[in-house]
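We call the chains A, B, C and D, going by the order they appear; numbering starts again at 1 in every chain.
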């Protein structure tokens, strides 16, 4: 991966809802993408844990960019479906997500993402998901 | 469902991340919960569609409260896992989510949620998910 | 649906592993397929319940044929992924599966299947799944 | 793991539907279970590939026994739900399944299973699934 392409992906990653949530890209390689989140109160649910939706969004978006590393900029990645399991409540204050493409089809990509809650430098695996995505030519996407 | 209990659920629904996202509760009955979202730019992803994470969060949180209608206030609902499919890009400007408990076990609840993108009064089914949750006694949750 | 097409699907449904398992087609319409199974001991697991794999296979195969009703005979249906929940142990002696296409994309189909355990004429919903499938032109399948 | 316990699991694994399908246990350790299948025509579907249901059953059953290695013989393992992705058509003639517990809760277990199609000594990853199971005390299971 050229550093230009990573710089592009890193910026492209942080737009709209992911920017609103505060996710940041920290590492990328072919088929791999890693991100982090500094937890604030707005990320929590009614019991004080980080909301399942924050973790699902982070895992989905990170996985989408893992797929994005495997195509050219003429393609866009759309999520067809995903499944995610929650192992233990996540409390932060730091969340890290690591994703990798496990089946790199030309059109259909399957990606895994692991989510870690980090406190005092200790990572705890709190969630894992599996994502099915399609690579769509940008021009087809615009046509609808 | 007493109107007091619905008033409690309606307020309880909007805290932390769901409040940050802008979800609102519009209807509830035993095993049923419905919510809405007025879309703003912060809900979108890089291609202008509503982010998969917004829809997943809305479906997860709405489903959690569908389960919450089936237990007393001595219990809390935690998501064990979910799976969600995306049918077509969601554009808004209004999103509605309707969830219902389809297997009401004492401890394990299975809930479905359908997500609709609404424009000019026309609803389009854009996403559907299936959620597995556990009802945990509040005192057990606090003990960890 | 012409009765010729249903007769073709009904026969086509019972081949290889589904024939080995004993599934039978009982009803079909556009986007809909229903099947049954008379339970024998070989369908059970170590605790005497019908094996989760029997129910998953039946739900997957029935869903595949629900999709098959929406395409011409020039296409084949392949399962991309599925998720299935088990609500209560299934004991039989009769199992019925009802599936329907809930998002009928030209290429990607999403199908739901409900599985019922039937005893003394009473149906009990024991399992429900969601299936993502692709319609592939037969000639592309043969090419690999 | 004592060799007695493995001998018990190995035999216990092959009953009812899994025996009917022809699965065999080849390796076990704490939280780990591996199995194989010699493919026959009855395992195939209408296009000659191994049926998705065979692979799902194998992955589910193998995962159940991975969980079984983590509890005493006073417990039984039941599948709550699973999700499985299919990467490429499986053709055999040998199928190997490797599963491992990735979240070993006292009551709720999450297990992954990878399925490989093997020909001429070369393994091809054809499918991967994630399984949520519960450990139930045998006496509770009998009570219903």
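Here is the rule we use: a contact is a pair of C-beta atoms (placed from the backbone, for glycine too) under 8 Å apart; a residue touches a chain by one contact, two chains touch by 3 or more.
Predicted model only: the values in this text are computed from it and were never measured.
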> Which neighbours does chain A have in common with chain C?
Replying inline: B, D
> What chain lies farthest away from chain C once each centre is taken as the mean of the Cα atoms?
Replying inline: A
> Approximately how many whole Å separate the CA-defined centres of chain B and chain D?
Replying inline: 33
> If you average the Cα atoms of chain A and of chain B to get two centres, how far apart are those centres in Å?
Replying inline: 21
>> On a C-alpha centroid basis, what's the spacing between chain B and chain C, in Å?
In response: 29
> Using the touch rule from the top of the page, what residues of chain C touch 2 or more other chains?
Replying inline: 80-81, 83, 85, 110, 132
> Which residues of chain A touch chain B in their complex?
Replying inline: 12, 15-21, 41-47, 51-54, 56-58, 60-61, 76, 78-86, 89, 141
>> Quick check: in the complex, which residue numbers of chain D touch chain A?
In response: 83, 85, 87-88, 102-103, 105, 110, 125, 128, 130, 132
> Quick one: in the complex, what on chain A touches chain C?
Replying inline: 80-81, 83, 108, 110, 132, 134
